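Residue numbering begins at 1 within each chain, and the chains themselves are lettered A, B, C and D in the order written.
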């Protein structure tokens, strides 16, 4: 149904690293919205936690050239990098899937077909951002939580990959409203769970093709950069640099 | 008139050669007899008649078939299911090349196998005259001769040192 | 011994290349030489010491070309060595000579190691080609000076002192020396023959070189052992030098180009061209050199099998590199593909693929073609031409980039080359330098084959010991001795 | 000095002796054979249990996790594909080179190829999250919905290449078996005879049949060699094309893997042949010369492999990228990888190759057995060190760097795979001779010798 919309929207998420306080609200919201399996202690210790969006925390010393043992820890700062699927234009994870379980749709989304997936885990190996998660176990929810599962979202079974979808269910709903009101999608039609829950407004979501949209303006911002740009993956997530005296630190991610 | 098989079993290749020579003197051509050995002898060791085989044609035919099929399958499936992945073209030639290559080789090899079996005229359910000693290093001369000359042929073979001679009843 | 039939047939075959086809049976008979030893020595010495008129003319021509090229080189050298592009074609020519003539001895080395008999009349011509290394070395010195210091850029030398210049020179001199050493050692017994039967300056020079070689078992053993050692050394060294030159003169001059197979691929095309030019020389010797009795289709048959295999490898090595870049789609990779294959140097690449892969493959898969003299020769020519185009592609390509992006040589991911530089076409001066280089190489090679017998007398006569004919039942068959 | 065994005076003596000695296991079986097979069967059963448990519980029972999504199973897959390269390498190349000493070695090698490959195929399937749905991974059958495999994925190239290779090598073996089936047809009684009668397809041994046998040998060798090169190249591309794992994204991988495969494969064949020689009393066929020549071959192969190993490392670290350096640091200096690396480089190259340089090592069965086993230990670890550290140190996002510990399930599977291959080889040896009878007999015919002065030179007749 989205197919005959002209022009197709191109969804983009802008992450303002300067506003992020690392509060993890987005993580929880995502967990709740997308029926992400519970990360119990056991699973977490197996390093098999599902975090469609995660806050990567890096400690930044005052001088990158220093060796750890010389660093003055009173000057060390924490730096947060919210990381979710970058919905790459040239997604390395897509072509390696033998069964087309993941491919690029015409709204710039990198979609995951759960029914098709056979769990070769090749896509996860070939993801630069390590934002793909494999269901090593059959996911289980305690009886009390059964009723909070989101009916719009599939519950993934064991043995398949899953990842951030930009809350595709909300995107579809937004487009449906737009069609009903016979107009193009505009800001506010679609708000992924993480964006909705971010207290500091570090996350902004929208259709970058639409000049009036917030993301369009933010993407032009002087501070903007894309993660691992030199790999040529062409992410659809734009980051805005943290404003601090240690700008050089960003090298740490490249 | 009807032809019958005569099989002479010889202890050494030399005797077999002797027998072959005498048979030829006796008016048989090397199209009438063939040699049965338990292991390959150098080509022409018995002056035997060796019709040309067409084995080399088979792999080429197979290769062409394999190539076409592979092209159709790869191109066909990618067009029938045109999903963009990683910004690669729908008809991704290097990727197709790999599969087409394998297809070609598979075709060539399978046809070669068929070729070998066909060209060596196998399978041969009715073996005709045979002697189990041949796989023990004896050499057999399998003569295809008209009934009235069977005895003569047997004689010749015995003279040239056949340990055993038998013929179709 | 079981199944001994008749005694050895003592029929001698005075052989001519075409002769064994006329052998009664319909199956192929390899050449078996049975003429007396003395005759071999005389024939070969005579052939290697006569200079025809065409020969002299050709010699003069090549000499002239070399001098002209050298003059042009001097003129250009006066403007200094600061731009890569002006020396790109000199590098390409050097690359070509290095990949072909200077790598040729590898053929005789490997074949001697696997003790193949058909190689015997061919080995020496491969070794003689190594004298081209002298010209190569001359061309190499200015090119090394051209290289920027390795300190503040990404080269395989990391931070070695004196890199890359010292090592490059050392390596090249080493490989030339080894090549000449192999030529000399393998020629000693033949030089002894010249000393005893030769005339004039050859005799006196041979006396000095062959010194006191008398042919005692000990001396023979020594020579063979020495050849084995030198051979192994040469092989390891050659691969190493290919790696160094490929990475210093191409890889490290293109920012961000990280391609581990490229040096190996360079070496493979070295082996391929080595076989090619050996076959070519053998054919020329057969046609014009007057060695008809000693060269037969066996040589071409054996060598063309190897050439076919190497041509397939050539393509395979390229593909296994290309596949990674095509699939990776990182900006640098796409830029490299554009530069060398897709856009700027599309034409030489196309030529290389046709001449180094398509032609050899399509011709040599046919046994009839392999078992002929003309087809392998055609293929050799096409391979040599293709290699020349390919060297132009690699070195001129890299050199142009080195000028455009000299700023980025130290960068990690230099990103896409800013704008893909247009192909750099040769000017008149470049043409002169190319011809000069080639002329010099040919000149010195032609001189060499008139001193060193291009067909190794001792190896041929040794071969006569181990290949015999005997009757087996009703046919004639070749018996091959397996000494260890 | 070649020590040529004289098997007899007359053709009859020789051939019947060859038949007798090489068909021992087919016609009559010793008790220790069944004991060994039984033991191996036990191990296989154990591994089978482990597999069942994994399929029932899910991949969770392995030690895999983010970002190390591939571990022991894929390592083992690559290892066995590698081993499978021995058969073709030996029988094809040596046949084309007309090396006489290949004759007894060929079939055992080909059999190793077949079973190694069959075992290898199992692992990617078991390793997938939902093995029971892997049908549409390889086969484009879903015309109803028009959904087909993704031609661009190396994981689709793999099955194509491996099926091609498996089919061809099985055919390679079968064609060469026809004359030997005939021998067994003439030696056996009753049911067995009937079966062999069918298998031999009425082979009589006419000159034309023999001619075609030999031509087919050459032709198939020439055809199968390009396949064999392509197979491991494609396996290597599973890793090579992955641009986000810098350690894998190296252009040299294809030839590096192929030559490494030959290295481990030929060693494996030597191991297998020495063991079978002991088990089936092949003293007259697998001689010192055979393993001596194989040893020489191994020196060359190993050194070529080492060259690729060196340029692989050199050309990956020379740009001094952080992620690359972090990876190499882990590979070389951080336990347990440092220990694995040390073991690998010693057993894979620096212990065996210098030893092989000595003639009396190459000619001693004990030492060849030891060294070749060492090589394969080393090469197994090599595959592990290529696959796992690359994933554990992926990209600069050090937040999710990690390491990998295999679970007992994976270990069992690996051990099981070894038992499985050995068991299959032993079982097949019950039905077909693992040394090609007719090839050896032909060798006996072509044997010759002549005198040069006082020396007697062993020689062979050459048709071409």
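Criterion: contacts are C-beta pairs under 8 Å (C-beta built on N, C-alpha and C of every residue); 3 or more make two chains touch, one makes a residue touch a chain.
Quantities reported herein were computed from a predicted structural model and do not represent experimental measurements.
Greatest Cα centroid separation from subunit A: this falls to B.
With centres taken as mean C-alpha coordinates, the chain found closest to the middle of all protein C-alpha atoms is D.
Mean C-alpha position of subunit C lies 35 Å from that of subunit D.
Between the CA-based centres of subunit A and subunit C the separation comes to 57 Å, rounded to the whole angstrom.
Between subunit B and subunit D, the centres computed from C-alpha atoms are 30 Å apart. Distance between chain centres (mean CA atoms), subunit A to subunit D: 44 Å.
Multi-chain contact residues of subunit A (touching two or more other chains) are listed as 90, 92, 95-97, 100, 231.
Among the residues of subunit D, those in touch with two or more other chains are 10-11, 14, 147-150, 152, 156, 226, 241, 243, 444-445, 461, 463. Touching two or more other chains at once are residues 12-13, 41-43, 46, 81, 83, 85-88 of subunit B. Taken as a graph of touching chains, this assembly is complete, with every chain in contact with every other.
Subunit B contributes residues 81, 83-88 to its touches with subunit A in the complex.
Remark: subunit A residues 46-49, 56-58, 81, 83, 92, 95-100, 116-122, 124-130, 133-138, 158-161, 228, 231, 233, 252-254 touch subunit D in the complex. Within the complex, the subunit A residues that touch subunit B are 89-97, 100, 102-104, 234.
Taken in their complex, subunit A has these residues touching subunit C: 90, 92, 95, 230-232.
Of all the residues in subunit B, the ones that touch subunit C in their complex are 12-14, 17, 20, 41-47, 86-88, 94.
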